[in-house]
Amino acid sequence: MAYIPNTDQDRQAMLEAIGLSSLDDLYTPIPEPLRFKGELNIPSRYNQLALEKHYKTLGKKNASAEEYPCFLGAGIYDHYVPPTVGAITGRSEFYTSYTPYQPEVSQGVLQSIFEFQTLTCELMGMDVANASMYDGATALAEAAIMACELAGRKHLLVPDTINPIYRDVLETYVRHMNLTVDTLVTENGLTTVESVKAAMTSETAAVLLQQPNFFGSIEDAQGISAVAHEGGALFVTCVDPISLGLLTPPGEYDADIVVAEGQSLGCPMGYGGPLLGLFACKTKYLRRIPGRIVGETVDGDGKRAFVMTLRTREQDIRRERATSNICTNVALYALAGAVYLATMGRQGLKQVAELSLQKAHYAATEIAKIPGYSLAFPDAPYFKEFVVQTPGDTAKLNEHLMAKGIIGGYTLGGYYPNLNNALLLCVTEQRTKDEIDALVAALREFEGNS
Amino acid sequence: THERLLFEISQPGRLGVELPECDVPVMSLESLIPSAQIRKDLPLPELSEPEVIRHFTHLSQKNYSVDSGFYPLGSCTMKYNPKVNEEAARHPGFARLHPYLPDAQTQGALEVLYDMQNIITEIAGMDATSLQPAAGAHGELLGLMLIKAYHEDHGQGQRDTIIVPEAAHGTNPASAARCGYKTLTVKSDARGRVDLAHLKSELSDKIAGLMLTNPNTLGLFEDDIAEICDLIHGCGGLVYCDGANMNALVGRARPGDMGFDVMHFNLHKTFSSPHGGGGPGSGPVAVKAILEPYLPTPQVVKTENGFVLEHNIPKTVGKIHGFYGSFLCILRSYLFILYYGKERLKDVADNAVLNANYIRTELKDHFDVAFDEICMHEVIFSAKRQQREHGVRALDVAKRLMDFGYHPPTIYFPLIVPEALMIEPTETESRQTLDSFIDAMKQIAEDIVSDPEIVKSAPHFTPVRKLDEALAARQPCVCWSPPPVAV
Amino acid sequence: MAYIPNTDQDRQAMLEAIGLSSLDDLYTPIPEPLRFKGELNIPSRYNQLALEKHYKTLGKKNASAEEYPCFLGAGIYDHYVPPTVGAITGRSEFYTSYTPYQPEVSQGVLQSIFEFQTLTCELMGMDVANASMYDGATALAEAAIMACELAGRKHLLVPDTINPIYRDVLETYVRHMNLTVDTLVTENGLTTVESVKAAMTSETAAVLLQQPNFFGSIEDAQGISAVAHEGGALFVTCVDPISLGLLTPPGEYDADIVVAEGQSLGCPMGYGGPLLGLFACKTKYLRRIPGRIVGETVDGDGKRAFVMTLRTREQDIRRERATSNICTNVALYALAGAVYLATMGRQGLKQVAELSLQKAHYAATEIAKIPGYSLAFPDAPYFKEFVVQTPGDTAKLNEHLMAKGIIGGYTLGGYYPNLNNALLLCVTEQRTKDEIDALVAALREFEGNS
Amino acid sequence: THERLLFEISQPGRLGVELPECDVPVMSLESLIPSAQIRKDLPLPELSEPEVIRHFTHLSQKNYSVDSGFYPLGSCTMKYNPKVNEEAARHPGFARLHPYLPDAQTQGALEVLYDMQNIITEIAGMDATSLQPAAGAHGELLGLMLIKAYHEDHGQGQRDTIIVPEAAHGTNPASAARCGYKTLTVKSDARGRVDLAHLKSELSDKIAGLMLTNPNTLGLFEDDIAEICDLIHGCGGLVYCDGANMNALVGRARPGDMGFDVMHFNLHKTFSSPHGGGGPGSGPVAVKAILEPYLPTPQVVKTENGFVLEHNIPKTVGKIHGFYGSFLCILRSYLFILYYGKERLKDVADNAVLNANYIRTELKDHFDVAFDEICMHEVIFSAKRQQREHGVRALDVAKRLMDFGYHPPTIYFPLIVPEALMIEPTETESRQTLDSFIDAMKQIAEDIVSDPEIVKSAPHFTPVRKLDEALAARQPCVCWSPPPVAV
């Protein structure tokens, strides 16, 4: 086997050194009845040529955004990935290394994470950030739990404009912590200050808000933050990091904890995983952050160096009293995020945000002109996504678009029965006017057919 | 030489990318976004493409990795990551695949997931698998949620305690806590296994289950496992297997056959998805049929019309991941397993265990073996003797190994072995590499006697010297700030 | 511009330091009338998203062997490239480095070339090899010129079974050195010992031979080598490195100089370039080798180290009296070759050769069974290529195959008018039985249509 | 630590790849190949995939590169290689494209070649271009063949001499010799340009042409170039431009406008195809209309039916490359040029020349500038003073720079400058990088005075110390041999 260097000869010599006569002897510590003697019922082995053909065959069975213009978003986005990202994350010093527990030989990963933390803070306008979480959904759940612990309260106020999957994951997580999610049902695609105020109680530990929200709409984050704080609750936001090229950062509206799905920052869509959870908060909560944190220090010669720090929060030291059970996070994707933000920079990220904004508005405007189509929330400002009321079945509409070589939108009916014929469409900077016009034409045709 | 931070390299006006002009009619920002929501300043660094590349290339050059050397890091299974799997993960048919496409457009991805559900189930000796957990600890959390759901579904809501051995990974008690459980620690016996007497004494109808790593964190097979499972089952609990050490067993023994009810795998350990400097990982959870009704949604099923994401699982614990798990990691591991196939998968375990025992044999006269018997995929030495006689600690040995070009082993874990040095060679290292490593360890053992100072002051040849870790924790600086501007 | 770090501000400050006021001032050394003032008539600039789309669009307009099974060879081959090759040649320490004139910081490239030289020798059974040439064709021309200088004679005997393009390049090169190519016209696809003997004169500096020859046939290298040496000429061979997994190496039939096109050794087909020329010879000719050579030495501490050596042969020192004008060679492709051979190893290369051999024979046998098709040289042993007489126009036949999703063979009629309807087909280890059967079926269909 | 050779790592029986079983009926080898042609033994090394990767990764770690640092190597134009171009070259539509496919199946590739023929022609200020030469020296050879073909076609076969300035690259006279020409060297004048008087004195009807680098190898523009061209043309000769230094001129001046008849470009210099540790390169040749009839076959032409390879060029000099040149290099350079486009291509030259003059200005008080005037893209210093006063040579300065993390400049070239240090910064370096480099050079200049020994004994911090190059040449070992087996 090409991945196992030792040969039969090597194995024989090693067995002799150990004083055993066969590989089977290595398993004598396992009681005989528990040893597996058959052949596993899994596929037969593939040689390397066959393996390569196999994955390429499978890959071709998928409709990738490489082949078709993609107007699907809803949490995973087809943003441009500059070639620097692959060039750096493809360096095996990074991707084949372990968690940097030994800082003397891990300064590369450690410094890149320190930079990632700083970039996260800069982007969000926050004080401190951790080294990453699994994804945006679990980051939000961790933030909610942390907020409850900080507030000493047990209720979370959660508008239904937050990504429904995030709310599902949140429910799953907090249920076991004996925390309660109070869902705030909204209208017109926006969370109102009044409704939050009305729903808050003295047991509300935190108000959660997604900005822009799941429908792409821009919420009144300032107003809701103020109401949350007035009620003694924390304010936890979940943001689209690309939108922060243009939108007010959460630090400026006094968010206490901010999380985000960072996939857009140079990470592949990858059929939804792995992803990149960002997590930031105010300095005063630093020692309550879940997961890993890298800090600056000096080495024996007084040189600046980086090390995993505040480790007593973590599971391997604090065990059941740790701030979270998270161990492995997504260091390589954090690196991707750092390379992405370094490459895009101050001007580039702003431009990405502006292009997405303008193109989304062009698409929405054109679509709204088609008979039978309209914007579901015409009064809500939006960033790069918007909800369209369509004249028919959205699954069929997406099929129609695919037949035209276009990846359509997200069907809202499943989570929002009142938006049964509505489609959430997304337009990133990658989409050209021609592609948008083709989408509009295809939508118009569908309308004609229905 | 020291690498400056991105922010220190940044110069106003530099560009790392040229983006297109806007090709649609441009509307004024103010007409689209409420003014309170428009950002005033974006304080990101500004670098050109060559500067970005050189910066991160420099950083990479300061980093140890499997591709640059032997990584005998116990409990972490730092094996070689085959390059074909990296190529596959970059294939646009996977890398640029949106998770919300209709199933008809993702049949290739669904086939990978479907096959992997079955493969993982079979290797575990279980009945069903969820691929969703994003890491081992995430898998533990899911496993415990499944146990909890099972008990609640069976009117056993009073079961509020999870038993964890004292040598367990820290994630075990932390995950139990996250699932709302109390934890109860059972001792290890003189043989390094679960103390059965102690275990028996703690059983009651408050016990929801036991979490156990097998082989355990001492690299020893829990040979009473059948009895342990019987005991837990006897009191109404379920048994969770922490699969972190599955590299010792693949194709040679199956947790399901031992009596475990639920387990997680670390694909980034056993099945070689790369560690990435600390993730992403992937922690699929395999279960016996009794737990299948509670699995998270969706599962992949095969129908006449192809593979389908099945969302209808009435008793599900709910969602624990936005999508279907760390798909690109699952893909890599899938290809890793297919490469070996049913015919050769046990070669992985055989060679991993052989390598560990070879190191045990060759080094046991130089460092004390914690438990001198046939070990599984890893072996734990103790530097207690060296500490007592020469004042040299396991930490010093670890740091000194860096000077020989090796990554240190895991140290001070498990806690029950004083001055532990936990060595896991994996199957992808050659006898020659092991011999060189053994020679280095012997040299260090000699130096400890003849020149302990050189060991205690190690490392000497690394990019930085030993760090002041206390300072980092005492005065946390976790985010760079611009230096104050001189007026 | 993203590739140029300096900003207008930087430029201004630098101009001031220099004492100039504008960039235009930098060009005052150029007489004013010679300065170019207009705008170049080249395309407008592409931003990075547009650039990426552009190359992908162009790439899709090509029929790559990734998409279609390829039976085309004739000097460029679709052999399997193990993933180690891309992983290593993609490391920027290699591909962004310069010629290793400074050995203290270039041991990576130097050692890899030393290993490449050794691998070349091992493969060919030769004593010494250089650091690479542009390609097989120019390597053969260099070998021919070197042979003439060594022999002190001016005629080269060249059978027409040698790749016609190589013979074209050879003609172009030697014409200017006042050397003469005597072409040996062969029959039945093989060079006979008798014909070589008959054609040799006292002015024959070298007999050239391709093994296997352009038609894929295996020549009597031993016999021809002996005849060449009897006549006082050198024996120069041009080999397929993959075939050496199975065929007797040139060192064993006393070749004096051996060249090869090394593209098959892990290098991309790349529409024919860059390529990898291999060049080896007997030790006694070492100081007459063209191009770069890396040798072993020691550093100041007595450690083994590698360095470019025998530099006085080269153009930058010997100038017009250099052994060749070659300077830049193909170090990165030599590295690819070294990684390829290290990965395939003793067993792998043999297997590649065996698989190619067996599959080619299966294909040839099946094709010869189709009415209207026959092997052009039924008595000649062959390796992985063979010539098929077809029932019609080969260009149309290739079109027909392409319509069936198959890349067909090489049309021989252009260079060999007597092989007007003949096709040179190639079968590598990458072709499966299914693909071969599909080829056979498609050929059969064409026959039916003609 | 020292990296063993592949052959020393090899162990019998190791595999780096698993190949398929034969899926067609297997015939006996002896029935297919004459027995004399069957190889007995194949002495290649045997390694597993992890060993191959680790070996070459280690080698890479001992290598300087543009991505790891500043490479001020005069005459070599070591600029940054954009990553997008590397991605393009890996695209299977190009990388896995067979050159013998019918034109209809290669329209994408042909479009690249067609566009590049035109682009190179335009940048050169010429009338036609062949993309075939595989490197600069190959381009020179082609250029000379074109000149020869022209003279022969015009009954001027007696022209047997090519004039080359004494500061020329060594490839110029070597290429002339390869084309069957005698060479005649003209001196440089006190201004570092061609000595016109000397040139005039050598003109005759034996002169086939002149080869000239402009800017020349002293980094100076040959400001008499119009007169030089007139003189050569006046005597019936043609003028060849060695385009190695085109990074100084792109978009700012065109050799065709100066009177040159033929020139080559080094795409791996000016247009950023990576150097690869010494190739592959690419050396397109652009010509005036008078030389077009002699270009090698094929040329790419545009027809109603798309792009076509035109093989019918009756007066062609013949083929010099098996196919169409270093296509994947041409592709990279094509994308590099498109990125700048007509609007910005001159930014390349502007910034390269600016950077060179900045270094000249900042260092001229510390090392003597060979010619202290505005230079083009490179500047030549001399360490003659340092050698005379302190015994420190240019070589020592070069080696000492390695200790500061820089690649040395080109040294001892051109030969007419004693103790030459030839520095070419390129446009892709920042002012900050130049400043750091300048500081290092100043430090070395100071050390030469205060502590010359530390400079003379450099390098101190490189993977190996200064090499015994004489030994390598005296006892050549260019191929590893297995050690003798002990009996």
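Order as written gives the chain letters A, B, C and D; numbering starts at 1 within each chain.
Just so it is clear, a contact is a pair of C-beta atoms (placed from the backbone, for glycine too) under 8 Å apart; a residue touches a chain by one contact, two chains touch by 3 or more.
Remember, it's a predicted structure, so these values are computed and weren't measured experimentally.
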item: Repeat of the C-D interface, chosen from A-D, A-B or B-C (over half of contact pairs identical by residue number); value: A-B
item: Pair sharing more residue contacts (C-beta pairs) when A-B is set against B-C; value: A-B
item: Between chain A and chain C, centroid-to-centroid distance (C-alpha), Å; value: 47
item: Gap in Å, rounded to a whole number, between the CA centres of chain B and chain A; value: 20
item: Chain B-chain C separation of Cα centroids, rounded to whole Å; value: 46
item: Multi-chain contact residues (two or more partners), chain A; value: 1-5, 10, 48-49, 52, 56, 66, 80, 82-84, 86-87, 90-92, 429
item: Residue list for chain D, restricted to those that touch at least two other chains; value: 11, 14-20, 47-51, 53, 57, 61, 67-68, 80, 82-84, 86-87, 339, 428-430
item: Sites on chain C touched by chain A in the complex; value: 48-49, 52, 56, 66, 80, 82-83, 87, 90-92, 429-430
item: Contact set on chain C toward chain B in their complex; value: 1-5, 7-10, 47-50, 82-84, 86-87, 92
item: In the complex, chain D residues that touch chain B; value: 1, 9, 11, 18, 48-51, 53-54, 57-58, 61, 67-69, 80, 82-83, 339, 405, 428-430, 432
item: Parts of chain D lying in touch with chain A, wherever the complex brings them together; value: 11-21, 47-51, 53, 57, 82-84, 86-87
